[in-house]
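Two complexes come next, and they have one chain in common, chain A, joined by chain B in the first and chain C in the second.
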Partner chain A sequence: MADDKDVLRDVWFGRIPTSFTLNQDEVTEREAEPYYLLLPRVSYLTLVTDKVKKHFLKVMRAEDVEEMWFEYEGTPLKWHYPIGVLFDLHASNTVLPWSITVHFKNFPDSDLLHCPSSSVVEAHFMSSIKEADALKHKSQVVNDMQKKDHKQLWMGLQNDKFDQFWAMNRKLMEYPTEEGGFRYIPFRIYQTMSDRPFIQRLFRPVSPEGNVHTLGDLMKEMDPAALPNDGEPKRYQVVIHGIEPLLETPLQWLSEHLSHPDNFLHICVIPTPTD
Partner chain B sequence: QSMSLSVTSAQTAAWRQQIFEQLTERTKREMDNFKHYEQAIEQSVWVKKGTM
Partner chain C sequence: MNQPGLRASWPTRPAVLTDPAGVSERSGRVLAPGGGGRSAESWKKDIVRQLKHRDLSQHAMFQDLIRFYTQLLEKTSLAKGILSCSVRRPSSDSSSSVSSLLQRNNQLKKTTGELAYQVVELQQQIKIKECVLEEQHARLSEEERRLAGVLDARQELQERVGQVQEKNGALKMEYDVLLERQREAETRLREEKVKEGHLLEDMIHLKKQAAARMNSRNERRSRARQANLQKELQTAARSKVTVDSSSSAPTSRSTSPKKENHDPESTEKPHTRLFRSASATSPRILNSIRELFEKRRGHSVCSLEEDLMCPVGICVSARVPVRARQALEAHEQGINAVRFSSSSDLLATGGTDRVIKLWEVRAGSLTHRATLEGSTEGVTCIDFNPTGLKILAASYDKSALLWQRDESVPKLTLTGHSRKVTAARFSSLPHQVVTGSADRTIRLWDLHRAACVQVADVPSYCSDLVCSENSIISGHYDCKIRVWDTRTVSCVQELPAQGKVTSLDISSDHRQLLSCCRDDCLQLVDLRRWSNDRMCFRAEGFKCGSDSTKAVISPDGCFLAAGSADGAVYIWNFSTGKLETRLPDQHSSSISAVSWSLSGEHVVSVDKRGLAVLWSDI
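Right after this comes the complex of A and B.
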């Protein structure tokens, strides 16, 4: 019988096999071969693609190189969303490896944030953790941590060190037993078919009557159209880390075990494949 | 406690079991055929010597 701790490892060590191909309009001195990598689902594109950049720069002249950005089938990929979220949202149910196009010019300013260095990723990551802790513990845990503790969370993610990260992150997952969970669950619900980037509102893990809230309760409240009507075929999949948890899964358990390192539960609503 | 009463042990087993099984399937689907791919983050161990 598997253990809940194994879930944390499975989540952390999830990988997406990816092939990077240079955009055909880029000017190169010779043909650029694709580059293949296993991308950590819980990390960020701009944090784990130094090798990709180095590979393509070998065939390009420095004057033809601007900020690197990524695209999948015409959609610019937002580096500030976790890699697994980008894959689940845009490329679920497609054939692997995930085929990403690499660009070095025409940065789409209206779609993407600039990311000149890993310190920008660090700032984004730490601000997400702080926001999550504001929801979970009124910022008490993150404010009680020292600067080196914050650094430990970041370095754990950056260097793919599970034990280093979780030695600190477990403090962010604690809550008073009598309350049955966090104050609010940090979550974001993404949909490709919506103009809104994501849904994020206040939602508690336990009802005022003391009933445990489930994933289904959250979806019913935030995005009822994502749930199937009785007797009708399922139109949408509710996906977290590439899997579809049952709607009766307690939300507090999901928050503790299936949150990303930024401490948010990232939920993707995608159309059910028709084939 | 009223909270725990609303989720019976049978239901608990079902949702938890479902997650374990799906994560195993995910590993098969996404990783088994691609073990020869390079990792984006190297897992090499750096030993920092405190000689300064």
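Right after this comes the complex of A and C.
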């Protein structure tokens, strides 16, 4: 009810204070001041960093500018992950603001994808939505939508319009009453210490017996190491949107309310800070 | 955790069952293992709380800071921008900043000047453009005016078109009406034509019937004649005929000429010779020829022996009639002509009813003998030939007809005149007839050929004519009497008359000519004397009744008789020149003709009512 709506709003309007600093190796005419920005958690880097680019271009010569890319403490930041996921994964327990280094040269082709324009971001975003809906409704809902509806979703995200986005997105959050939930829950589990980029498998929200699955059930299934054994202190944190939901939170509810705009539940497993 | 099956739908959410187990607070972020005893809302509240905390720590604290920083950055960059413009001067010389400023000032002034000049130029261009625009506006308005004018003209033309179309429509309607009428007229015409065809057929049929009737009658008559002929031939073959040489009594003639040739011939020759010209053929030769060709010539018109045998009587003395012996309704309509035959007491009357009736005068009464038909209009004049066997009549139908005495159908019809024939006489020459007509011609006809041999043009309407040997005398409406020579048919003499000549009569010795004129005067002219002695006879009460009133000389030449308009017969004495007697009270209408019998005994007068009165002196 009102809580649910508040949750949705808080999730949408979440911000991360960031400072962008130009890499020292970049050739500049003058010294560049850092640029501070509140990044939306649910958006993507290349969408929201136009001002950053403009700021730093003032001090650079045009011929030195190639594609802009970001890195944090040596790790190139993948723009196709939501910003919130990047922060939670890499810098969740560090001092704010989040310091990102801006590069204009030496694009790491092995680590990052190129993003020449916002339409690339749009394509990635829409494909994520479709993938999520394939898991949730066998793609029925997203296929019933018209092209303008898809556009509305994208425009809502791009222009940071909560109501415009959720006017369409609510359709994707519906399910037939007899089912009790989606067909499968779309989720991705990111781990800091892992070879794999993320874990994504089929998982039903309701057990065949009729029990509602919770977050704990999911973690037990997917990444049992994340959960502490009995008696042991907690070694890992299960973070979604910068918070740690209780393990008994129903998965269905999580998927409906704590999903990112791309309808996926992005879960970060990070080691508990020892301080 | 047991959860009731909730359908998570945004924003309408059905009522959430609240677990009355309450909400347990949790501190920190330590997760409790399992989930026994927690309420349905606890995790949610926990999440809400965590989100709020996060926002507080992450978002809210830095929000204002970053905002202000960004603003400051913008301001500095602006200032930098402005400064950098001036810093682009040779930055090593700081003292020259003032001079550089002055220079900059000058430059700015120059640019101002240039800009002002540009402004002026642009204004001029604007003015030019405005002029062009005005011109175009003017042209546009003119075009619009022209267009309006043209539209008006078009409107007018359309109205005219409408009017013309209306007229056309009206004309078309009239035309249709006329067409209708024409069609009706045509159908009527066709009907009339059909009727005409029918009428023609009927008429033709009737005429055919009349012709058939006529043919049958003719046939019957010819058959009857044949039969008669046969009978008489037979009787004549047996009986003896005695010829009576008395002059006044007509000889009982028989149509069979065979036995009679020789006897009367010798006695009658001298008389006949008086009236024959030298061109008559010799009888002797003819007799011999006759014997050869007898049978063939039995019924021909010009049978010579008939002509030869004409005993002509001479009246010794005429007696003045005193009283009427008989008054007879001779004809149904007016009688125009009456004539005694020269050889017997046979009277012929003819008039408007188109027939000629032959009467025998016997014992003081008229008995009807025969009716001669054939004239299609009224009869004007009747003449007997000297033998009395042929009757000639002039008719209104522009022809003269010739009958044999015993045949009621005319033997000949002499046509050629263009108007009514007023007089027809046998000429002194045999087989010749003279006719005078209202068409101002006198024609001579040959009976052999039944054709007109000569035409004499006269200047005036010929009303009557008489023939004497060698001459024809005609009377005309121009008050003249003309004498013509028979052979040359040219006018040899013109005698004046007192008025319009209505009739002529010649005395038996051909010496005296009586003319009756319209001015009620009878004139007697002596023909032999070229001094033209004339005697005029008038009487009180004598009025000429019509343009064709006939007057006669008595056979002995002593008396003149004429009928008057008052219905009385006037008789003058020639020698005394005075009225001898007046015979009134018989006729109720104007007398048209009188005739004196050859014997002198009888006078017959006929009037316009059809009454014929026989007068005699006894």
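To be clear about the criterion, the second predicted complex is superposed on the first by the 273 of 275 C-alpha atoms of A that agree within 3 Å, B and C clash if a C-alpha of one lies under 4 Å from a C-alpha of the other, contacts with A are read in each partner's own complex, and residues count from 1 in each chain.
Operating definition for what follows: a residue touches a chain if its C-beta (ideal position, glycine included) is under 8 Å from a C-beta of that chain, and two chains touch if they have at least 3 such contacts.
Since this is a predicted model, take the numbers as computed values, not measurements.
Colleague: Looking at the combined model built on chain A, do chain B and chain C fit side by side or clash?
Modeller: On the shared chain A, the partners clash.
Colleague: Taking the superposition on A as described, I'd like to know which of chain B and chain C A:Ile16 touches: first, second, both or neither.
Modeller: Both: A:Ile16 reaches chain B and chain C.
Colleague: Could you tell me if A:Glu256 is touching chain B, chain C, both of them or neither one (first, second, both, neither)?
Modeller: second
Colleague: Just chain B (first), just chain C (second), both, or neither: which does A:Glu33 touch?
Modeller: Second partner only, chain C.
Colleague: Looking at chain A, which partner touches more of its residues: chain C or chain B?
Modeller: The partner with more contacted residues on chain A is C.
Colleague: Considering only the touch criterion stated at the top, classify A:Glu248 as touching first (chain B), second (chain C), both, or neither.
Modeller: After superposition on chain A, A:Glu248 lies in contact with both partners, chain B and chain C.
Colleague: Touching A:Glu174, do we find chain B (first), chain C (second), both, or neither?
Modeller: The answer is second: A:Glu174 touches chain C but not chain B.
Colleague: Name the contact category of A:Thr49: first (chain B only), second (chain C only), both, or neither.
Modeller: A:Thr49 sits against chain B, while chain C stays out of touch.
Colleague: Who does A:Lys234 touch here: chain B (first), chain C (second), both, or neither?
Modeller: So A:Lys234 only meets chain C here.
Colleague: What is the contact status of A:Lys58 with respect to chain B (first) and chain C (second): first, second, both, or neither?
Modeller: After superposition on chain A, A:Lys58 lies in contact with chain C alone.
Colleague: What is the contact status of A:Asn159 with respect to chain B (first) and chain C (second): first, second, both, or neither?
Modeller: First partner only, chain B.
Colleague: Let me check the overlay on chain A: which residues of chain A are in contact with chain B and also with chain C?
Modeller: Residues 4, 6-7, 10-11, 14-17, 36-38, 96-97, 180, 212, 241-246, 248-250, 257-258, which sit in both footprints.
Colleague: Across the complex, what residues on chain B touch chain A?
Modeller: 1-4, 6-7, 11, 14-16, 18-20, 22-23, 25-27, 29-31, 33-34, 37-41, 43
Colleague: Name, in rising order, each residue of chain C that touches chain A in their complex.
Modeller: For this pair, the touching residues of chain C are 1-3, 5, 7-11, 13, 16, 26, 29-35, 38, 42-48, 50-55, 57-59, 61-63, 65-66, 69-70, 73, 77.
Colleague: Hey, which residues of chain A end up touching chain B in the complex?
Modeller: Counting only chain A, the residues touching chain B are 2, 4, 6-7, 10-11, 14-17, 36-40, 43, 48-49, 51, 96-97, 158-160, 180, 206, 209-212, 241-246, 248-250, 257-258.
Colleague: Which residues, counting only chain A, touch chain C once they are in their complex?
Modeller: Residue positions touching the partner: 1, 3-8, 10-11, 13-17, 33, 35-38, 55, 58, 96-97, 166, 170, 173-175, 177, 180, 212, 214, 216, 228, 230, 234, 237, 241-250, 252-253, 256-258.
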